[in-house]
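Take a look at this one; I'll ask things after.
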Amino acid sequence: MFGDYQNVVTMSVYGSSIALILIGLYGVLIKKHLMKIVIGLSVVDSGVNLMFVAVGYIKGGTAPIFSPSVIDSKPLMVDPVPQALVLTAIVIGFAVTAVALSLVIRLFKHHNTARIDQIKSLKW
Amino acid sequence: MKKYLAIFLLLIVGFYLIQAFNLVPFGANRVGNIDDESTVGAYYLKNTVPKTSVANVVTAIVVNYRGFDTLGEVTVLFLATTGLGSILFRKRKHGEEEERVLKESSQLVKIGSRLLFPFIALLGIYVFIHGHLTPGGGFQGGAIIATGFLLMLVAYKNYKLGHGALTWIESLAGITFAGIGIWGLITGGTFLENNAFPGLGNVNDLISGGVIPIIYIAVGFKVAAELTGVLDILLSIKPNKN
Amino acid sequence: MMNTYILILLILFGGAFAAYFLNKLAPILSGLTAFAATTIATILFYTQVKIGSQVQLTIGGINLEWGINAYSWLFSFIVLGLGTLASLYSIQYMQNKERQGYFYLNFLLSIGAMMGILLSHDFVSFFIFWEIMTWSSFLIVIYNGKDVKKIGIKYMIFSAIGAYAMLMSIVMIFAETKSFLISDFINLISTTGFSNHILMITLLLIGFGVKAAVMPLHVWAVGAYSNSPMSYTSVFSGALSKMGIYGFGIVMLAAMTYVSPTISENAGSGYSIISIEVIKIIFQWLGAITAIMGTLYALKQTDAKKLLAYSSIAQLGYIITGIAVGTKLAVMSALFLAVLHGIFKGTLFMAVGAIERQTGTTDMTKISGLIRKMPWTFIASLMSIIALAGIPPLAGFVPKWLLYEGLITSGHYFLVILLFFSSTAAFLYCYRFLFGLFLGQEEEETKNVKEAPASMVIPMMFLAGLTLVFGTYPGLLFKPIANAMEFVGMHDVTWNMTVLSNVWGDTVSLNLVSIAIFVIFISAALFLFKGMRGTRYVTTKDISTSGEIPTENENLTYQLDFFKPFERAVAPLYKRTMDKIYNAIGESLEAVFDFTRSIYTGNGQTYAIYVIVFVVILLIFKDSIF
Amino acid sequence: MIFYVVIFSILALLLVASGLYAIIQKDLLYAVISTGVISLILSVMFYLLQAPDVALTEAAIGVALTTVIFVITIRNTTRFEDENDNNKVK
Amino acid sequence: MVISPVHYIAVPLLAAFTIPLFAKIHKELTRIIPGIVLIYLTYVSYVLMSKVMTTGPIVEIIAGWKAPWGINLVYNGFSGFIASLMSIMGLLIWIYSYKFKKVDDEPALKFYILFLMMVAGSIGITITGDVFNMFVFLEIVGITSYSLTAFYRGRDGAEAAFKYLLIGSFASVFLLLGILLLYTHVGTLNMAQIAERMHTIPTSVKLSIFVMFAVALGIEAEMFPLNGWAPDAYSQAPGPVGAAFSGIVVKAGVYALIRIIFTLFDIEGSLQFLIVMGLITMIIAEVSAIRQTNLKRMLAYSSIGQMGVVLIGFGIGTTEAIFAAIFLMFNHAIIKGLLFLSGSFLVYNDDKKQIASLSRFGKKLPVVSFLFALGAFAIVGFPPFAGFWSKLYLLLAAADKNLIFLIAIILMVSVVEVIYYLRVVGKLYFGKEESKIEPKKPAFNSLIVMLILGAIIILVGVYPDVITGFIHNAADTLSDKATYISNVLPSL
């Protein structure tokens, strides 16, 4: 489908998803602000989701839906399983993000700061 | 210092990720010959239409083949709402009215939202009713409906969400999902088995696929209710007054 | 037979819980329960149980075997005898003290556990009972609530080290023999040699050595002995420490003597440098050093409890040396001393307990002249002290005689010198104990002191009487000892009811000696009592100082700095180096441990970095790790 | 199909750029909107990769709802990553 | 309706969805219904376990699709034993926490729902036969744990929960990546089929996948460098939740890790890896506990250390060692449960949960203190309590493989454990001065639960045969991979 440009597409899909994962992890590891950490986590999630869909893609495949126009021709279809999994993953990611944000709000109200290096009353 | 260490570590992780995914060429056919059924993907592509009469294979997987996952996922949302409620709970002073601390929106926004809301809701409902035929389904439809509610919540300072109604919808949808599952057990089949109706109908009809559309509608309502609940809880927090 | 063993243990353990709960009704009931339980157990044991009987049990897929043999039979005297008498003694001793239920619970548990140890023919039940004994005695050590950290925890740490060394050895033995039976272990040693299993044997010996308070492992003992209630200390020092000796004996005697001469000791093993002889020599010396150090420290004490505690350590040192030397005479003396030490040290601790109960202190600088107030206690103490010092006609003479003879005949001259030195020094603290507490001038504070109640005096007098009996007729004890030695493989032990003999043909007829000394003693006593009529009693306040008023620095009592010149001579030995080393090790370890937890910085991001670092390490080295 | 190649490359570049922006930007509001942009681009990509279901979900949840709850949180905490900047605004 | 493993999941879910409705009828129902469900789950455990012991493993398919096409639940000796343990612990902790909060408080309604789902999710992790389904259950457990950790507003629960969430998100990311890579190579998500096709994956990729799974599940199993969240979460969560963490949630994590290593992968070095990681985890955790002044934190470190020992047991790999490890899991659930439950009464009125504050509580709270001391004695492995046997069996298994060095280290660490536990016991009965803090008298229901746990500890200690039959069966099941595959995929 992409001919000689196969590598470019591979690079841009895989590369951007791995880049998103790494950028997100960087944010989680380095940024001190709790919000930034949660943003980082959601960026990582985006990267992983993209990876799922990218891996399920098949060159020349169509969306796995047997609409009336294609039901008889039985065309090549992309792998539906990663898509189903990623649906679940997105929703779960949202749920976790919501809980994380609520914790951020509570931590901010409690400590009046949102910097993770200042919130360490529990240690050792 | 810590920054460079992190970058260094992440580059190594990235290297190994690339190495691992290098063996998974983009766009290659990993499903295999569909008639072999050597992978689950192939099996689903081959058997979904004849065995479940559902046109959208992803829907069939999400609701039927891996319906158990979806039940768990709906539960995760439900628990997130519950957890949010407990994490952000605060005792209301006696007689204190529940209110969202938002600026009053302009009249234009208010009217626009009110006009838009039914259409958004309708779109959402359409999306999850046709989940087994076209792209979309319970999650997408539910999320769309939740956006509609979001619009209303933002536009109207004291938009009253019927909490009782929300709970009812949430619970009934959940009970429907789990109940259909248990119905399968009661009738001698397996949990979530698609045997509530005698026939599965014709592919691409609105009424087809046995319980799959019903479950997806339940999921839609549930997701909509949960997401709205999350938004409502988050919007009712009193911001700091410092 | 099975029923009897289980019944005995049930009575003791069940009695423990009964005593605990009866305390809620009336404290006296728990004491009575303890006495009843020990008495019934003793009667049952000596009427129903025959040497050589065995029972098999299976628990958790492990085959256990219980039984009694001549060797454990010997030790049962101390456990049951001392247990019964101490529980009788406790009734009055513990009167009006708090938490009696707790005390009797653990008291009976430890007696039951000791019986269990003696009944065990396999290592698993041995270890189970050993641990029950350890923690129940620990609970009594901390009963007072004084110095829990310093004494109780120290005791527990050492016990735990010992017990886990033993456990490690037990699992190693099982890996080798696929059996937990002690007899199989002995077979293993005897068929494959001693030096091939040096690690497991060393570990076992460490385990037993802790309880027997052998030299580098003794630091817990003084605190533990002096901190527990005296009625228990008599059992603790008299019987519980003997469990260490019991195990030590099993390893050293059974394993050593069964080794068949055909096996080359150095055959095919990495440990061949260390042969059985080395182990023996190590323990001979450790025992001797323990004896000397114990004696020297005992000299320095002003607290009667501590004095006795150190003295116990010293006596255990003799026993260890005797067993480690391993000739028939030495072993015989060691086992004799093991039983005898239970008797006289039990008495002495009871006597100190009686004094403590009546006067409220055991500090020898504070009380003196109790001879008139507590005559029975005095007599019991006197006899025990004589036995302890090893003077005929009381029984202490017998093992000393045997030990020296055993050492000399086997050529351990230097050990003889050491032990002789230590037992000479022992006279000093014996004297001090008697003098400090009973003789000398009466203090004002002890004016109203009365003799202890009969239920406390009777056990003391009974035990003191035993020293006389065994001193005159040592053969009463020689018989079971010879049987025990027969059991562990030392055949043809000769003994005589009343006569000690040596290889040079000298004989001591103990009958004659004791009759002679008894006559002398009686007449001297009569003379003293008669003579004392005319003397005047002076109190400590009645001092004539030639017109000069004494300052506080002047030493007016004998008790303080009693042996100063002697102490100065042996001062370098008093530095308590072992204790200091252990403390230093413990503290620095704890500091290191404490540092470790700063890994958990409290910063969530740091934890996240740990995760990534871990992932990176695994990814980079995945080919070599997996 | 050079068209797809170009689209994919542009989308990928945008994705990485907005990812970096979301992490680097000190103003959290912009950072959050940037994550919304990521989701938007992602949903286009999903559509191009023949995953319309996922694209819809990502559009509804990722673009709208996630962004909104982030914004609500910012309202309840601070707007800027640096504590000093927050004071400036007030 | 025949009782089948899916009841473990379906019934709690249905109940959780209905509780908000019942709350409208009567508030009290919100805490009664979870209890009824847990009683039912215990009954299910009883029925299913007796079936498993007589007729062998139960494989249940979901939605009518046979494995590998659908999701299936595998209820065999091992997963069944752990699931039963979880449901019983869940029931006991529910009884304990029955009067935990007034139901008029709104979060109290949520507490019982969250708790019920935490138990159900852990059971789900245990009995599922599908890797992605495991991920979903892991997230259920995660979300409930985060919320429950942050449940109290007075404590630093939110901080602990945030750390937990941060590390937990790492776990889900790595787990997802691992699942994805696995799926691309074998084209299936069913554990049995993955196991069967594992040999087709190139080694280097297999190792990468394994690293991802090991890290993700290692986080849940509290393996050393991944367990920073654990002490915080344990110490800040409400008492019963702490008990549930150590008795139920960690067990699920360890179970998942073990299932992955033993059934899914066939990597030779993974067992040595388990031993080494277990060893490091144990040493660091126990050593960190020694000067801990916060009682709950001390218990948390001890819990982590015990999990390290469990990993060592599984790492040794022989059937005897696995037996010992499962026994240890059982003992740890019960004993640490007792310690957490009684400990939270001891420090109930001290906000900082300091050990110093329970000085001489032996008099004020005799029964609770006694039970705590019993638990302390049992966990350090004093006979005749339950902890002794698992330790003995573990050491025997290690000695059988000639791992002398390992035995020595385990025992040395045990000495450390003895020290810090007995310090607390000493403090409890013989502290220097009486603590000024007034203790909270335990409610009747809590007391009953603690007494039951104490009785189990003594019963198992005196007569371990009551439980060893089940554990033997579990150990045999785990070490037999071929049977697992043929049970799930009979046609292949």
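Things worth noting here:
A, B, C, D and E are the chain letters, set down in written order, and residue numbers restart from 1 in every chain.
By definition in this document, a residue touches a chain if its C-beta (ideal position, glycine included) is under 8 Å from a C-beta of that chain, and two chains touch if they have at least 3 such contacts.
Computed from a predicted model, the values in this text were never measured in an experiment.
The chain pair with the larger count of C-beta pairs in contact, out of A-E and B-E, is B-E. Centrality by Cα centroid goes to chain E. For the pair chain B and chain E, the distance between mean C-alpha positions equals 30 Å. Rounded to whole angstrom, the centroid-to-centroid distance between chain A and chain D, based on C-alpha atoms, equals 11 Å. Centroids built from CA atoms put chain D at 20 Å from chain B.
Taking the mean of the C-alpha atoms as each chain's centre, chain A and chain B sit 16 Å apart.
Taken residue by residue, chain C touches two or more other chains at 597, 600, 602, 604-605, 608-609, 612-613, 615, 619, whereas all remaining positions touch fewer. Residue positions 132, 136, 139, 143, 146-147, 150, 153, 158, 161-163, 166, 177, 184, 189, 204, 208, 231-232, 288, 292 of chain E each touch two or more of the other chains.
Counting partners per residue, chain B has 2, 6, 9-10, 13, 16-17, 21, 24, 30-31, 39-41, 44, 56, 58, 66, 69, 73, 76, 79-80, 83-84, 87, 135, 139, 227, 230, 234, 237, 240 as the residues that reach two or more other chains. Those chain pairs judged to touch are A-B, A-C, A-D, A-E, B-C, B-D, B-E, C-E. On the side of chain E, the complex with chain A involves touching residues 132, 136, 139, 142-143, 146-147, 150, 153, 156, 158-163, 165-166, 169, 172-173, 176-177, 179-180, 183-184, 189, 231-232, 235-236, 288, 292. The part of chain B that touches chain D in the complex is made up of residues 56, 58-59, 127, 135-137, 139-140, 143-144, 146-147, 150, 227, 230-231, 234-235, 237, 239-240.
Of all residues in chain B, those touching chain C in their complex are 2, 5-6, 9-10, 12-13, 16.
Residues 1-3, 5, 8-9, 11-13, 15-16, 19-20, 23-24, 26-27, 31-36, 38-40, 42-43, 46, 49-50, 53-54, 56-57, 61-65, 77-78, 83, 86-87, 90-91, 94, 97-98, 101, 104-105, 108-109, 113-115 of chain A are the ones touching chain D in the complex.
The residues of chain A lying in touch with chain B in their complex are 1-2, 6, 9-10, 13-14, 18-19, 21-22, 25-26, 29-30, 51, 54-59, 61, 63-68, 71, 76-77, 79-81, 83-84, 87-88, 90-92, 94-96, 98-99, 101-103, 105-106, 108-109, 112.
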